[in-house]
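This is the structure I want to talk about, given as structure tokens.
Labels run A, B and C following the written order; every chain starts at residue 1.
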Amino acid sequence: MWGLNLPVVLALAAIGGVLAWRRANTLVWLLYTLGALWAFFRFGFAVPIPQSVATIYLGITGLALVCYASSSRERLAETVQPIKRLILEPRYRLALAGLLVALPALAAYNVYADLTVPLEAPGFGREVHPPPPTEMTVHDETIDMATAENPYLHYKHDDPELYAKHLENGRRVYYENCFWCHGDGMGGDGMFAHGLNPVPSNFNDVGTLPILQSSFVQWRIAKGAPGLPASGTPWDSAMPAWEKFLTNEEMWDVNLFIYDFNGYEPRALGQH
Amino acid sequence: MKLSVPMPVRLVLLVVGTTAFYMYLGQIVPQREAHPPPPVLISAEMTTEDLVAVGAELASGKGQCLVGCHTVGQSGPLRYPDLDGIGARAATQIEGLSGLEYLAQSLYEPAAFIVPGFADGMQPIDQPPISLSEDEMKAVIAWLQSLGGTPTVTLDTELGY
Amino acid sequence: MNRNRILFGIGVLAFISVIVTVRLGGFLVDNEYRQPDRQVAAQEEQGEAELTPRQQGIVDEQAADEAEARARPYEEAEYRAVPFVGSRVTVWVLAQLHLLFAAFVLAVPLFAFIIEFVGYVKKEERYNKLAYEFTKLLSVSFSMTATFGAFLTFGLIILYPKFTNYLMHIFSPTFLPYVLLFFLEALFLYSYYYGWGKFGPKMHLFLGFMLNIVGTAIMFIANAWLTFMMSPGRRDDVDGDGVPDFVSAVSESGALLSLRDAFFNFTWMPINIHRIIANVAFGGSIAAAYAAFRYLQAKTDEEKAHFDWMGYVGNFVAIIAFLPLPFAGYYLAAEIYAFSQTLGIQMMGGTFSWLFVIQAALIGNLFLGANYYLWLGMGRMEGGVHFQKFIKWLLIAIALCFAVWATPRYAISSVSEIAAMGGSSHPQLSYLGQMSAKNTAVNILILSTYMSFLLYRRTGRQSVHPHRQLLTRAQAIVFSSAAALVIFYGVYGYFVDSATRIRFAIPQVYSVLAALVVITVIDLPLYRNATQSGETKWGKIPAVSQYALIFIALSFTWLMGLMGYVRSGLRQEWHVYGVVLDTSPDAYTPTLGFATQVVSVTVLIFFGLLGVVFWLSSLGGKKDWEPKTVADGGDRLEGGQAA
């Protein structure tokens, strides 16, 4: 709901409820606020928020909490009191020793975690589905990208026999040309896939075919990586421009086939 | 035993520490040096295709079209109209103006027609501070036409301004 | 014999021996051929010295150099360089230091005059004393301003001769009035300062008034020079089509067409307004820092009480001026937008967009610091626990607004984060990065800070107004409806197109301003003659509050440095926007990291000099020198700070 990870949010709220019920000390509340917000930013969103923003938020929170704790003499005394007791009272010796070990250990772990972050290539801000042009010309045929549909799709109801013929042709085209990279089962895991970055599209994924119009898919087939607009750069996609090898009919057929194979419908015009 | 730091030391620590903190903030944001745009040379024998390339360079450089104002291929709450498909759209924006004339008008007299839903704000591109020359203007128009359409401008085209 | 004298002697000896050693070493080490002394003497005896081939060569070389120097025609230099730091950074730091001291010198008389006037009307001597205390800071700062002004002028003439010459071509008629006004400023400032208690109160107030008039006039003239560089002309609807056209004050080649247009240019008034308000806020915070500095040194309770009160007043002035400052800044930014879309976009969306995230952090810190100081101040009152429970909620509101304001539109993210977000913006957070959310946040920040101030005002006091319940409720209604209106427009902004959304900022600002005015108007009679449950104990405030005051002053100074950079850097490769191009090696816009380093160094220099100013000002109240009997700790402390 609202892009939140509900179990985490509810768990954090529950801990807060318990603290309120037990009338926790100010220091406990401050630690809880910081910890809960950290957990919320880290795990509370369905799409995790970037580390840099979370750091800004936690920094502001930390500053605000310090202000709160020291904003009057009484509150400061109340906040510091448990710390004083922990340090001074003999019965907390063990806890103090534990803390003295735990703090450097935590810092050491932090260093360890920072150093063992898996290496990532620097980002280029490449778009996965770059915007298509408004029209394109393939083999002297101009296609209006907004309204074009697969010309053979309507045979599905009108002429199943002809539809099957086009599908069969699409199957032939796919297993002659596409499966090397996109895979036998269209999982984007063909035999060459491991050598490619970005990896070939996975057509089984609900985030690929169903959200695209068939004209978009046709555009990607026909124009390939060389036809990507600037926002889709850098052009390290290995997709060839298939218009140089295939006829229009062959490309529409394979377009038909990949939708049919995965059981998806192309996104209709104006559908969100 | 009472540990205490003398007041002047505290003050110096506060001043230096706070300044260092703000300076640190300045170091962690993205760092980019902006150099004055290099001159783009247009020679007489350039074809329409060359002009598109030059126009694209001008758009993100000297012409400043894409420096925070326009976008290509974005949707959502935008500052100014997205330029995607403008090459195809231009011919139908104003009745009586061809695509080329429309593009020329929107560069030379931006206030003449405001796309509905947007505020007026663009400046004539042939005037300072951007001051594109007529040839550069043709290159930008060629680039605009190439966005969703087929560029037709050559250096011999008369823009009428 | 005094030990110090021995040490001094050793120091002098060491200095001399170092110099002798270096000279001697240099003489021995260098490989220059020297003729044996006997030979020289022999030659002199002969009366005619014959040159060795080597000497002849040296003489010929010198003659050739001289001939070349004579033959070289005079060339007008366009730029001159400064080694290591570069000419831009030199002028940048000098201008910033000049400006910081000037801002302080212009601001202090403004509120010293108001405080003196309040004292005159209320017939309370303590206000008069306080105003004098503020004025004591002025004379040293005034000299600093003039020194750095001269420094800056020389810097410009030496390092940017051609461009400076061009500015003189435009503005030469304004220089003489400027100098005359500066002279008058000195006259009024010193007669105001030294004449304290020597003139009648009305005469003295008149001097203060004239001081402010002259100071403001000086700033207005200087503002014309710098705003001309950004907007060389005005906008006017010349052809009558309802769209303002740009009327340039200079011709295409840069020749002056109209001094009037160049002077009263498009961004002149917005800068004037913005600067006056910002100067007062800055001056108040620096004066408060002075008070904090004196408080921390104070030995007696009496001194502590006095400087606590002074810091409170200084900070009060700063906050009152700070509240409308975002609006003035918004007005300035809107005018820059209206003048040139390119400048506006460059500022908010282009090269400088990250600068405004840092600005958000600074302003958030300022609001937090100001509120924090007010909350700590509640500890001065007896029986002030009543409002403590509100602090939590105010703090939450402020932290939330701070967070919204500091949310970048496009976050810095790693590749895997971008992959998870499916783009460079987060599905939920991207809403917070937009203008609607940020405008809302700053308006709520202002309302919350005002709320903190109201609570502080009420701490330990009980209204005796017959309709107090009704009036308090009215205040609450005004407050919450302003907040609701601001939030409503903020949320509604997401559902309309951009042309409409931009205009929503105006009702937001007006509702907040109206709320501030209405609540104040209600509050004044409500708490007139209010009973106090306990007296205000000035000086009984945790010492950390004084450090907060210095932190606020520091943040203000740094913020001024940063915003000065963006105002000037906005022109990018132009000296005068669209007219005179910068062709020096420094024409590029540096990285934000570099700019913040320059700002930080400037701020540190300023605070170092400020330490000297504070130290000199505190000398004024000291006893005359007497042979030392007891070590005076205070002197040493101040000396250390000044260093």
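By our rule, contacts are C-beta pairs under 8 Å (C-beta built on N, C-alpha and C of every residue); 3 or more make two chains touch, one makes a residue touch a chain.
Bear in mind the structure is a predicted one, so any value in this text is a computation, not a measurement.
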{"item": "Overall pattern in which the protein chains touch one another (line/ring/star/complete/other)", "value": "complete"}
{"item": "Centroid comparison with chain A (C-alpha atoms), farthest chain", "value": "C"}
{"item": "Gap in Å, rounded to a whole number, between the CA centres of chain B and chain A", "value": "30"}
{"item": "Centroid spacing, where centroids are CA-atom means, of chain B and chain C in whole angstrom", "value": "32"}
{"item": "Distance from the mean Cα position of chain C to that of chain A, given in whole angstrom", "value": "44"}
{"item": "Where chain A touches two or more other chains, by residue", "value": "52"}
{"item": "For chain B, residues that touch 2 or more chains besides their own", "value": "28"}
{"item": "Overlap residues in chain C, where contacts from two or more other chains coincide", "value": "361, 412"}
{"item": "Chain C partner contacts - residues on chain B that touch it in the complex", "value": "6-8, 10-12, 14-16, 18-20, 22-23, 25-36, 64, 67-69, 77-80, 111, 117-123, 127-131"}
{"item": "Residue ranges of chain C touching chain B (in the complex, touch as defined)", "value": "241, 243, 246, 293, 296-297, 337, 340-342, 344-346, 348-351, 353-354, 357-358, 361-362, 412, 434, 494, 497-499, 501-502, 547, 550-551, 554-555, 558, 572-574, 577-579, 582, 587-593, 595-597, 599-600, 603-604, 607, 637, 640-641"}
{"item": "Of all residues in chain B, those that touch chain A in their complex", "value": "28, 56, 72-74, 84-85, 87-89, 147-149"}
{"item": "Complex interface listing, chain A residues touching chain C", "value": "2-3, 45, 47-53, 56-57, 60-61, 63-64, 67-68, 70-76, 120-123, 125, 127-128"}
{"item": "Chain C residues within the chain A interface of the complex", "value": "361, 364-365, 368, 371-372, 375-376, 378-379, 385, 388, 391-392, 395-396, 398-399, 402-403, 406-408, 411-418, 420-424, 426-429, 542, 544"}
